[in-house]
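Both of the next two complexes hold chain A, though its partner changes from chain B to chain C.
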Partner chain A sequence: MIAINGLGRHNSIPDQHQPDLAAELRSLSGKVYRRTDHFIQLAIIGAHKAAAGHELVPQTAIYMTSGQGNISVFDRICDQRHVRKELPRPVDFINLLSNSAGFYVAGHLGLKGKNLFVSHQHFPVQMALLAVQNDMQLGREQAALIGGVDEWIPRQDLAHTLLGLDQTTVLGEGSNWLLVGKRGKKALAHLAVTPRILDLRQLQQLLATVEPGTSLAFGKRLTAAEIATIMALTKGCPRYCYEEACGYYETLPLYVLTRFLAAEKGRLLHIDVSEERYMLMQVSTQD
Partner chain B sequence: MISIIGGELLCALGQGTARIEALRTGQATVGRMAVTLNDRQLSFPYYRLDDTSRLVSTALIDAYLDRVVSGLFHKLALTPSDLGNIGVFLGSSSIDYSLARPIEQAIISGTAGHGHGRRVGGGNYADRLMTRLDLQGLSLTYNTACTSSANALMEAAAMLTGHLIDHALVLGLELFSPTTVEGFALMQLLSPDQLRPFDQHRNGMVLGEAVSAVLLSRHELRPSPWHYLGGQSSCETYSVTGPDPSGVGIARVITAALAAAGLVPGSITAIKAHGTASDSMDLAEMRGMALAFATLPPYFLLKPYIGHTLGGCGVAELVLMMEGLTAGFLPGAPTATILDQEFTAAPLQQGMAVAAGRFMLNYFGFGGNNTSFIIEKSEPPA
Partner chain C sequence: MKGSLDQALKLRLKTMIIAECEKDHITPAEVADHIQLFSEVCILELDSLDALQISVALQNQFGVRLPDSKAFRRHVTTINELADFIQPG
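Our next item is the complex of A and B:
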């Protein structure tokens, strides 16, 4: 279990165009970041909000995750290569590394610790949190920023294809971050990730142990029937609804946690699914 | 204690005894790769894994990963079913092809491309490998530029230490990408002729391909003289394209890696340098090593044998080092013939007989990524 000390949330459902974040970034940070693109600006904004009001030690680690990373820049490079028959701009080539976003976050916050960009096919947020949880428990890290960053792209048909979703699903973008540390009394909440991927039988066994009153949030890939089945197994636990406030993106679970912790008290169990496999994570403001 | 049970590597240096002989004699085979820049056809030296067409497909990448993993399991007389709770950790600086291909298709055809109704994105290769091998456990994919697979290995070690897994299959993956070659060429970071790390006349990187794997375990799956002692990953923000030329960021990660392994500088037998032959990177590395070590241990280079395999170099160079040491030597690389005047010591020019010791492996990359870890090879039984 790790302590959550700060929250940063940026979430939107763009329409037709990517929002211009440069002005927001300038307003938040008072700085102009040249050579950054939309994905990098998203990352800085979310991390900035999570770190606001906290004195970060320089060794604070960064773990960033994303469903598809900096798609816009790859899209742009492909367009330059295949359609315009032009060479990529060096800045695009450099920013093609999704880890470049971590570089700018570290620079913005004055950090010198570990700076990782990690991915997982099914559960990018949960797996990244698992890595953080392990590092904190081992004492490898004393503090960390963990962020999930996904951008909305104008080419919505392509975005749906990449996500394996039907074309009617409303897509969004977000940059949601937690500042975490060792368990402490001043923490906003504590977080625990179930340290393995579960099958349905294992999920059912765990659900039988959920404490009454725990709110349940479900990943957007769960069907209404699956949610109803799970709710029936949890002895009247209330459902935490967030779905109407956001479009779909892969790192939504971090949005759910930050949204809950910004406004609610109590325990929240987040249940996510991918290809009939499940991962759970729980936050609590009471422990 | 985390053991490295074994490793396997596909690279430009061939296989088996031929590879060891090439390492021993300091000989490598370098081809060339052509790219078109501003209507000019340019050709750069390039270390190709084989002559297979590089119209990369997901199936081709899967085939290389399968080949390297099956080669490793064959060497170790293991099957996937012997490895119950295993993690797969993959490091690569390339964008996942499962993601890249639909985007390219969409651009070329003007349609939405074909996603086959399944989500694609980072983590796809590792997930498919787990499915094909029916491995039970977790996976993570790391993209931290040239430190990707080195970070994958260190994170695997952490998950083993935390008992989240019993075994870890760590993979490094880097295959030819025209975008990558064009990008580095545009930045004038590629040598037109030869890789000469730490040489006064070094003039840039030579890229290469490698697919590599190591199996780590916290159990004695097989007797192994190799152990992971510890390491450190850190970030510096001097420049997105490289470390602070003063070497302070590199010295910091080296010092922290020594501390994480519970070692002092004098206990390092030799250092595997990153040695890209980029002017500023080599300078920063030399200065960083000099700051961290009052007496610099011997250091050696592996990129002259397989090229700079970018995100794959963490595991690829570890396996190559292990193969040399298993044969009783650290390879020399007769490339730095005129040492840069500012440098205090030259890399090994000729092979050095070594039976055992503690070896530091250093990796640095774009995005301010610095990684250093230490491996021990114990004395062979008398």
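Our next item is the complex of A and C:
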């Protein structure tokens, strides 16, 4: 279990165009960085909000994850290379490295600790949180910033195809970050990720042990039937609804946690699914 | 016409450099034709990554290939010399 000391949330459903994040970053922090693109600016904004008001030690680690990564630059490089038969812009090529955003976040916040980008096809947020949880428990890290970043791109047909979603699904973008440390009395909340991927039987066994009053949030890939089954197994646990407030992106679970912690008290169990496998994580403001 | 006498070409080069190096706060008129682009006195304050950006942009937009850093340093000195390299006249 790790302590959550700070939250940073940036979430939107753009319409037709990517929002001008350079201007937003400038107004938020007074800084603007050359050679950054939308994805990197998105990452900096979320991390900046999570760190605001906290004195970070320079060794604070960064764990960042994303479902799609820097997809608009990836699309542009593919167009340059394979359609226009041109060389890719060097800055685009560099920014396509998954950890480029982490490099800029570290520079923005003056951090010199570990800087990791965690990739996972099915559960990027849960696996990144698990990595932090393990490193904290093993004493490898004392404090960390963990963020999930996904951008909205104007080419919605491409985004839907890559995500394997129906073309009518509303997509959003977000940069949601937690500042975590060791268990402490001043923490906003505590977080625990179940350290394994579960099948349905294992999920049902675990759900039988959920304390009444725990709110339940469901990943957007769970079907209505799956949600109904789980709700029936967890009587006395209300559903936490967030779905109306955001479009789909793969790091939404971090948005759900930060949204809950910013406005609610109590326990939240987040249940996510991918290919009939489940992962759970719980935050509690009461421990 | 030699490139250094072609005002339209020089404006295009300056605009390209400003755009590629994200120096949007500088106007083409502020970039002098005869000042060394990679020097401390140049308003652009370019670095090695800017050199790479410019090199690729020259190839994509003008078909000029600068295969190594030596070739780049030889031809991308001032706006006048770069223009003459692209358009010897």
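In the analysis below, the second predicted complex is superposed on the first by the 287 of 287 C-alpha atoms of A that agree within 3 Å, B and C clash if a C-alpha of one lies under 4 Å from a C-alpha of the other, contacts with A are read in each partner's own complex, and residues count from 1 in each chain.
Here is the rule we use: a residue touches a chain if its C-beta (ideal position, glycine included) is under 8 Å from a C-beta of that chain, and two chains touch if they have at least 3 such contacts.
Note that the structure is a prediction, hence the values are computed from the model and not measured.
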item	value
Chain B versus chain C as contact partner of A:S215, first or second or both or neither	neither
Which superposed partner A:R34 touches (first chain B, second chain C, both, neither)	second
Touched chain A residues, chain B compared with chain C	B
First, second, both or neither for A:L87, with chain B first and chain C second	both
Partner chain in contact with A:H122 - chain B first, chain C second, else both or neither	first
First (chain B), second (chain C), both or neither touched by A:T251	neither
Contacts of A:L130 with chain B and chain C, given as first, second, both or neither	first
Those residues of chain A which chain B touches in one complex and chain C touches in the other	35, 87-88, 90, 94
Residues on chain A engaged by chain B in the complex (per definition of touch)	35, 62, 66-69, 71, 74-75, 77-79, 81-83, 87-88, 90, 93-94, 96-100, 102-104, 106-107, 111-122, 124, 127, 130-131, 134-135, 137-138, 140, 155, 157-158, 160-165, 195-197, 250, 274
Sites on chain C touched by chain A in the complex	20-22, 49, 52-53, 56-57, 59-60
Contact set on chain B toward chain A in their complex	37-38, 93, 95-96, 99-100, 102-104, 106-108, 111-124, 126-128, 137-145, 151, 155, 158-159, 161-162, 164, 178-179, 182-184, 186-187, 232-237, 240-241, 249, 252, 366-369
Partner chain C, residues of chain A touching it in the complex	34-35, 86-91, 94
